[in-house]
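Two complexes come next, and they have one chain in common, subunit A, joined by subunit B in the first and subunit C in the second.
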Partner chain A sequence: MLLADVGSGALLAALALSAFAALLGFLSGARGLVLQALVARRALWAAAGAVVVGAAALEAAFLTHDFVIAYVAEHSDLATPAPLLAAGFYSGQEGSLLYWTLVLAVIGGLSLAGTSGGRLPAYAIGVLGSILTFFLLVLNFVAGPFALLGFVPADGAGLNPLLRDGGMLIHPPFLLAGFASFAVPFSFAMAALLAGRADAAWITLTRRLALLAWGLQSAGLTLGMWWAYHVLGWGGYWGWDPVENVALLPWLVTTAYVHSSQIQERRGMLKGWNQGLVVAAFLLAVFGTFVVRSGVIQSVHSFAISPIGPWFLAFLAVAVLASGLLLAVRAPLLRGDRSLESSVSREGAFLLQNLLFVALAFAVFWGTVLPLVSQFIQGRAAAVGPPFYERVTAPFFLALLALLAVGPLLPWRRAGTAWLRTLKWPLTAAAAALAALLGAGLQNPAVLLAGPVLAAGATTSILEYAKGVRFATRLPGSWPVAAARLAIRNRRRYGAYLAHLGIVVAACGFAGSHFWQQERQLTLRPNQSVAVGRYQLTLESIGSASAAGTTTTTAFLSLGDGESLTAGRTVYDSFGGQSTTRVAIRSSAFEDLYIVLQPSTGAGSVNLTVFVNPLVGWIWTGAALLILGALSGSWPGGRRSPERVAAPARRPALAGSAE
Partner chain B sequence: MKAWLAPALFVLAAGLAGAAFARAYGPPPPATPQLAVEQRLMCPQCLQTRLDVCDTPVCTDLKADIARRLAAGESQDSIVGSYRVAYGSTILSSDQPGGLAGWIPWTVAAAGLFALGLLALRRRPAPPRMAGA
Partner chain C sequence: MLLRWGAVGAVLAACLGYLVFSATAGNAQYYRTVAELKRDPGVGEARMLGTVQDDVQRLDDGREVRFSAAQDGATIPVVYSGQLPDIFRPGIQVVVEGRVQPDGVFLARTLLAKCPSRFTATPTK
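Our next item is the complex of A and B:
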């Protein structure tokens, strides 16, 4: 009871404090009140502190099996191992909302730490406080995590079987944190509009946080793919499920913003576009939350459905109206300082890249909402599957990869004919790749297009590092040390190239596993062998065990080289016969052998689906490089890029200053 | 070290690796008739899950039905066609929305590209002439 009281009280206090911070933030911004802006900031920090206390109370309730709290009883039991017990915190509706709120409060609070009294930060407090207030309203009055049962059950219901996996410890926290943290750039963008600021101060203030949010989203998506691959047992990692799609949408728009914000910083262009992208990314994150939790579109993640959908729809409507109105009113302020000098320039490449990302996001959005649209227009919900997404998105992805090979070589403002000479190595690599693929007898046009583009992209990224090394050899001292110093000092630049290289490596993985996947269905008896690809697979024995409402069947397998693998299937009687698989995976640098134990159809034998998935490991490696690049770019310090932030003159009162 | 050596070596290595990979992984072997039919169908219960990789009871029954009908000599197209009649076109894994629905993303992208073209071609003010020029 004590933990529930502490948690409820903390969330109520946080609601009062955040509402106060929001009101005072808007008031200080509008009237230029310095002292009140500082009070508002402290109120927001206090709200963040109260949310931390509430979250700690819920975590403690899980760890101490406080089953009087309904949420704890519904999402854990005495048998749940401690790490998964801790993850139970965000395994359901109320807890995941509290986690969203926690990240929003903490990162939002931290983002204000470097600012002092100014209209922009004051308005940012107002916007951040408003978003926080909405979440706390829902947590206090609609989906409270501290609701009590009228009795104390001897044991809880336990975690959903699908979530009983190590991936559960890392995938949701990263993805939710990525969504929640993008509220900070959104708040600062809105604050800049409210303050009438047309410069890039809001981008400079939130650049690292935006990169961090993008990195978190990237990590969350990758971990989601990794989890699906290792746990769901269908041989793939991305199924174009609506919930996967709505998680991808903000990432696509954020990726566009991460690039286009550089144009505003350096050239004072695309002011309105950047504002629009930040608004769209945040609104899409809220849209995703609405889709997952409302059940408005059918999805495999339907376990998260609850009555809070209408609340999120209302919040989304208010956010769309408010941000749209603000953008319309401030449109005259958002004209660029200069126009595009030449379409063959770095700015032109960024513009085209942005267009492709936005079109890609629209294509995914369209496929996701098509059931709703067709239901409304035709009275029949038309769902689309992976073939639709693959057909529609593949050309966009290919064009983006081609741009990745060319764009970094383009100079700012205008590219002369000398630029064409820089293309010689990417083009040579593309030609070599094409010759190699044709020489190997490949005729699939998609492969013949993707291979050269990937080779060109990889060459461009590596060339940039090679240029850095060449420059380092001319510096005093040993060149490896000089090169390392150069990379550390210019980590934003080299972080970006690392992220690009990661994209190319991951794209190789996507292409390899898509074009060359092999699938076999087998029924084996003990001691029976069969050849799959280059493997000689033997079923050694079959095991079966029952415990605590579960029945587990295990196939013990061996490969020709003596290695053993174990594929399992567990049926949970307490969850309506829901079953989970334990996929047997043997990974190597170039392929995965992936074995799924299917439901049994005959005594004394097992049904297996066996996949050979080429280059899947490259997806994880590429994603790791990408995230490392994002972290490197968002790490504090390093050489500042030539930003052209038009810092206003210092004035004694609030005048739009961010300092 | 010559400036061109590193990129040349990289390009050579990329070409060789590509060729080796393409040789090692030729086109996947053709699926068995059973698998070929299953890959053409979606699970009628789950979402976005192809029949061959779905393990729900309804899919287990469908797989058994396909096996029985193939053994009886029925053609793959006939089996798939019968499921289409029974469940509608959403049972087909290759089902695509035709007409406007499929074209809308492309239309939006084309409109964006057109807008970008307009932006690039927009007349810019001429640079100021120097006095006396």
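Our next item is the complex of A and C:
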């Protein structure tokens, strides 16, 4: 009872504080009031503090089995182990919303820490406060996590078996945090428009946080794939389901933004475009939440269909109208300081990359909303599956990988012809890869195209490190120390190339598992042996065990080299006979042997689905490199902002830094 | 310069448009209701949403499954062989893709289970 009171009280206080912060933020932005802006910032911080208290109360309620709170009783029971108990917090709708609000409040609060009392930060407080107010309204009046049951049940209902996994501890928090953190760059972009400042100040203020949001979303997507692969037992990791797509959309748009924002920082161009990308990323994140929570699009993952759908639709409509109107009104301010000098330049490469990513985002968006569009136009819902996405996105992904091999070699402003000589290394690597693939007897044109492009991309990324090392050898002192110092000082640059390398490695994994996955259905009796690929698979024995409400069947398997594997299936009585698999996976550097125990009706034998998945491990390695790169690029300190490229401005900069 | 980038954008948009259009035309499947399929099975592939009834039968050592799918009072027999999702059981909703055979049985090529509408067991309330 006490925890519920503390929690709901804290959320109510947070609502009042954030609404106050929003109003005062807008007011002090409009009137240029410095003192009031500082008060508004304090109010926003206080709101963040209250949200933290509310979240802590819910977490404490889970850990102490406070089953009088309906949400706790529905998502945990006495037998739930402590780590999963803690994860119960965000396993349902109300808790996920509270978690989202928590991330928004904390990251939003942090983003204001370094700002002074100018008009831009004041407006940013206004926008951030408004978003926070919306979420707190929903939490207080529509989907409250602290709703009470009329009685105290002896035990809770427990977490769904599918969620009883280590992946539950990491995948949802990262994905939800990524979604929530797109609001921060959006708020600053809106604030810049409101304040009439067209320079890169808002980008500088939020650069690190935008990269952090992008890194969080990358981690969330990867962990989602990892979870699907290790837990769900269908042998794949990405199914182009609407719920997956809406998480990918803001990532695609933000990937474009982390590149094009550099053009604005260095060259003062693409101002409106950057605003548009940041706004689009946030709107897509809200759209994603609406789709996921409202059930308007049929998905394999249907979460609780709930009354919050219309609220999010209304919020989305307001956000679209407000940001669209603001962009239109401020359009004259958003003209570039100068125009592109030459298409063959770093700027040109970034621009092409942006167009490709936006095209990708559009294709994924189209496939996702097709059921709605066709329902509207034809009166009947049509849907597309993975073949659609593979066909449409593959050429764009390939073009982007080719750009990854060439773009980083291009100088800023105007390339001339000197840079063409640097192409010799990636071209050599591409030729070598092509020869190797042909030598191996491969004839699939897609493979013969992708292989060389990936080799060139890897070479270009590694080349940047080689250049750094060569430069370091000329510095005084021992060169490894000098190289490390160089890498740390220019962590933004080297982080970016690490992320590029990660993309190439992960792309090898996607290609390998897409082109060469093998699948076989087997029925085995004990001591029976079958050759699958290069493995000699033997069923040693079948085990069966029953424990509190569950029955587990286990197949004990051995491979020719003496290694043993176990594949299991557990049936839960309390969840209507729902079952979970424990996939047996033997990973090596170049392939995974992946064995799923299927339900069986025959006694004395087991049905197995055996996959050989080439290069899947490369996806996780590549993603780890990518996230490491994003982290090092967003780490505080280092070189503060890239040197602006000196060039005579054709038009004087419109907005000075004077405020 | 603006003209050149406009042209690049237009070419990209045209490629995208062609790919999206052809892939949509080639891959789109209409959701059909159970009642519709019973009345007019059609010739092509269809995608259907239905609730799994209690008559689930597993044949061929559990590799093939037969059940009735119901939607708005109409039911149709479905047969599917292949990997079943973990959460497959009577009472859940499934999306099946396939075609209706002459004997009126829906032969499913793919079967997707919708996750339980709430990630919870029977409510304690």
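Keep this in mind: the second predicted complex is superposed on the first by the 639 of 659 C-alpha atoms of A that agree within 3 Å, B and C clash if a C-alpha of one lies under 4 Å from a C-alpha of the other, contacts with A are read in each partner's own complex, and residues count from 1 in each chain.
Note that in this section a residue touches a chain if its C-beta (ideal position, glycine included) is under 8 Å from a C-beta of that chain, and two chains touch if they have at least 3 such contacts.
Predicted model, so just to flag it, every value in this text is computed and none were measured.
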| item | value |
| --- | --- |
| Fit-or-clash call for subunit B and subunit C when the two complexes are aligned on subunit A | clash |
| Which of subunit B and subunit C A:A363 touches, first, second, both or neither | both |
| Which of subunit B and subunit C A:P153 touches, first, second, both or neither | second |
| Touching partner for A:L163 - first (subunit B), second (subunit C), both, neither | second |
| Subunit B versus subunit C as contact partner of A:G441, first or second or both or neither | first |
| Which superposed partner A:W240 touches (first subunit B, second subunit C, both, neither) | first |
| Which of subunit B and subunit C A:R470 touches, first, second, both or neither | first |
| Partner chain in contact with A:T523 - subunit B first, subunit C second, else both or neither | second |
| Touching partner for A:S587 - first (subunit B), second (subunit C), both, neither | neither |
| Touching partner for A:P387 - first (subunit B), second (subunit C), both, neither | both |
| Residues of subunit A that lie at the interface with subunit B and also at the interface with subunit C | 233-234, 298-300, 339-340, 343, 351-352, 355-356, 359, 362-363, 366-367, 370, 374, 382-385, 387-388, 391-392, 396, 521, 579, 581, 596, 598-599, 601, 609 |
| Subunit A partner contacts - residues on subunit C that touch it in the complex | 1-2, 4-5, 8-9, 12-13, 15-16, 19-20, 22-24, 26-31, 47, 49, 58, 61-63, 83-87, 89-91, 95, 97, 110, 112-125 |
| Contacting residues of subunit A [partner subunit B, same complex] | 233-236, 239-242, 298-300, 339-343, 348, 351-352, 355-356, 358-359, 362-363, 366-367, 370, 374, 382-388, 391-392, 396, 425, 428-429, 432-433, 435-437, 439-442, 444, 451, 455, 458-459, 462-463, 466, 470, 512, 516-521, 579, 581, 590, 596, 598-599, 601, 609, 614 |
| Residues of subunit A that touch subunit C when the two form their complex | 70, 73-75, 91-92, 149, 153, 156-160, 162-163, 232-234, 298-305, 339-340, 343, 351-352, 355-356, 359, 362-363, 366-367, 370-371, 374, 380-385, 387-388, 391-392, 395-396, 521, 523, 574-581, 596, 598-602, 605, 607, 609 |
| Contact footprint of subunit A on subunit B as seen in their complex | 3, 6-7, 10-12, 14-16, 18-19, 21-29, 31-32, 34-35, 39, 42, 46-50, 52-55, 57, 60, 64, 90, 93-97, 101-102, 104-106, 108-109, 112-113, 116, 119-120, 122, 124 |
